[in-house]
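Take a look at the structure below.
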C-alpha cells in the first residue's frame, strides 16, 4: 500500500486547529505535534498512488493555515 | 544552451493552478509535481543567459501563489 | 527540568517587537537577537513537559509576526 | 510514553544493512526506507525519557555506517 | 512510468568520475553537473517502482565517492 | 571593519524592486541577484558592530517585500 | 561581551565524548545534548571577538569526531 | 564576466589551511572565514563560463579537506 510521511508547517498560531483537521482526513493513519523543524508529523496510507496524491495535494494542503508540507515516500 | 532546474514552492492550496501556468511559460521544457521538499520541478532551456533570467525572475516568479523558487544552473 | 532552545523567525520588519514579547513570556530564561539562519534564539525552562508545550505552542507561537519556530529539546 | 521520529542518513552503500540493524533495536516500533532528504525513517517509543535517550544516542547512532540522525520529539 | 529526480553530492574531488558512472546506470535518462546545493542532478525513469528502488538504492548510491543523495518522486 | 554577507529572499514578484532598494542602503557595498537558494546576495561593511545591526535589522529587513534574511558574519 | 551559540554535529557514535570535551573548553558557558538537527548546543562567551574566533575555529572545531559546526552570533 | 559565490565547508580542524589555499586559486577575488552555516565564503570572477567551472569543480573542490561546496551564480 502506498505510504508516506507528511511533515507540515502551519501558521504559528494555528497548529492545534490544523492538527485536528489533518487527523480528520481519510487515509491519515496518525498525526502528531512534534518539536523540531516541522510542526506536525503525519503518516498517510492509501490503496493507490492516485489516492495518496489526492490526500496530500488536496485534502491536507488545502487545510487553512497550512504554510508548507514536505513528503517522504516510504519505499515498499 | 543555458539550462536550469527551477524548484517551486507554492501556496499549499494552489499547486495545480501554478503547475498549469508554469507549463505555459515559453522556455519551460517540462514541469512536474513532485513529492519532497519542493512542490514543482521545472526544467528551463533558453538561447541566452539573459532569456533564462527573464523566464525565472519574471515569467515564473510573477505567477500568482508562487511562494519561493530555487534554481540549479546546469553546468555546460 | 524540561528545557528547550526555541529559534524564531519573524516578519522581517518586526524583530525588535517580537523579541520584546518573547522576553516577557513566563518560562523564557533568555532571548537574544542573532545573526544567522534564525532571527531570535530563546531558551525556555519549565517544571513540566506540559508547561513547555504550552509556552512554545501557545505563548511564543501566538505572538504577532512570528513566522516560524524551530525547537531543540535539551536531553537531560 | 516518550515517542520520537528518528530520521537517519547512512553511508550511501550501506542503507539496507543499517535498516536491518535499526529494526532490531528494542524500542524501535517501525523503520522504513524513504525517498527524500533522509534515507530511513524510524519511530521509537519507550517507557521513560531516559530510555529514549539511550536508544537514540547509543543504540541507533552507534550502528556502523550511520552518517547522521535527526530527531523529532512527539509532543504528548 | 515511475520517475524521480535524484540529486547527488559527491566527495568534492570526484564529481567528474561520479557523473560518468551515474550516466552509465540503466534507467538514468539524464545526469548533469549543476551549480547550487547539489553537485549532480539526474532523472531516472523505470517500468516499475521496484526497479526505481533498485536503481536509486543500489546502482546510484553504491557508486564510489557518492556522499549523499536526495530523491524527488514525480507525482504521476 | 565589521563585515557581513546578507542573503535575502523576496516575495517572488518583487525581486528587482527590492534589489534596487538594498543597493541604496548606506553601508551596502554590493548587492546582486543570484541563482540558487537565495534571491539576492549583499555585502555590508560598517564602522561599528552597532551600525551593522542597524543596517541589517532595520534598513534592509524593513524594505517592503523582503521575506527573510540570513546573515554570515565575516570573521576578522 | 562577544557571545555565540555553536551547534555541533558529531560522528554518530562519539557524541558523549565530544560533549565532555566541549564542556572543558575555556569560554564555553554551557553545552548540552539536544534532540533535533544538531547533536550538541553550546554557548560561548569571551572578552574579545578574537578570543571567540580562537575558541570556535580552533578549540571546538579541532576536537576529534566533530563533523561540522554552525554558529549564531548574538547581536549585542 | 561570469561571477559566483562559493561557500565552502571544511573538515572542522582544517579551515585555516583550506582558506589559505582557496585564496591562492587564480580567479578567486576574495575568500573569508565566516560564522554561520558555512565555514568560508569566496567570490570567483572569470572571463568565461568554462573557466568558472574549472575553478569551482577542479581548483577549489580538489583542495584537501574541503567537505562540500555550494555555489550561487550571480545573475548578470
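All chains are identified by letter, namely A, B, C, D, E, F, G and H, in their written order; residue positions are counted from 1 within each chain.
Here is the rule we go by: contacts are C-beta pairs under 8 Å (C-beta built on N, C-alpha and C of every residue); 3 or more make two chains touch, one makes a residue touch a chain.
This is a predicted model, so every value here is computed, not measured.
Undergrad: If you check the contacts of chain B and chain E, which chains show up for both?
TA: A, D, F, H
Undergrad: More than half overlap in residue numbers between the two sides of the chain A-chain D interface, or less? Answer same or different.
TA: same
Undergrad: How big is the rotation relating chain B to chain H when the fit is done on Cα atoms? Please round to the nearest 5 degrees.
TA: Result for this pair is 180 degrees.
Undergrad: Using residue numbers, check each pair in B-E, B-F or B-H against A-B and return the one sharing over half of the contact pairs.
TA: Looking at which residue pairs coincide with A-B, the repeat is B-F.
Undergrad: Count the touching C-beta pairs: is A-G or B-F ahead?
TA: Counting C-beta pairs in contact for A-G and B-F gives the edge to B-F.
Undergrad: I'd like the Å distance between the centres of chain F and chain G, where a centre is the mean of that chain's Cα atoms.
TA: 27
Undergrad: Taking the mean of the CA coordinates per chain, how far is chain B from chain D in Å?
TA: Distance between chain centres: 35 Å.
Undergrad: I'd like to verify one number: the distance from the centre of chain D to the centre of chain G, where each centre is the average of its C-alpha atoms, in whole angstrom.
TA: Once rounded, the distance between the two centres reads 25 Å.
Undergrad: Using the touch definition from the top, which residues of chain A touch two or more other chains?
TA: 33, 35-37, 53, 57, 67, 70-73, 75
Undergrad: Which chain pairs here would you call touching?
TA: Result of the pairwise touch check is A-B, A-C, A-D, A-E, A-G, B-D, B-E, B-F, B-H, C-D, C-F, C-G, C-H, D-E, D-G, E-F, E-H, F-G, F-H, G-H.
Undergrad: Provide the residue numbers of chain B that touch chain A in the complex, in ascending order.
TA: These residues of chain B touch chain A: 9, 12-13, 15-16, 33, 35-37, 67.
Undergrad: Under the touch definition given earlier, write down the residues of chain G that touch chain F in their complex.
TA: Listed in rising order, the residues are 49-50, 53, 57, 73, 75-76.
Undergrad: Would you pull the chain A residues touching chain B in the complex into a rising list?
TA: Counting only chain A, the residues touching chain B are 4, 53, 56-57, 61-63, 66-73.
Undergrad: In the complex formed with chain D, which residues of chain B make contact?
TA: So the residues of chain B in touch with chain D come to 35-37.
Undergrad: Quick one: in the complex, what on chain F touches chain H?
TA: 3, 5, 32-38, 41, 70-75
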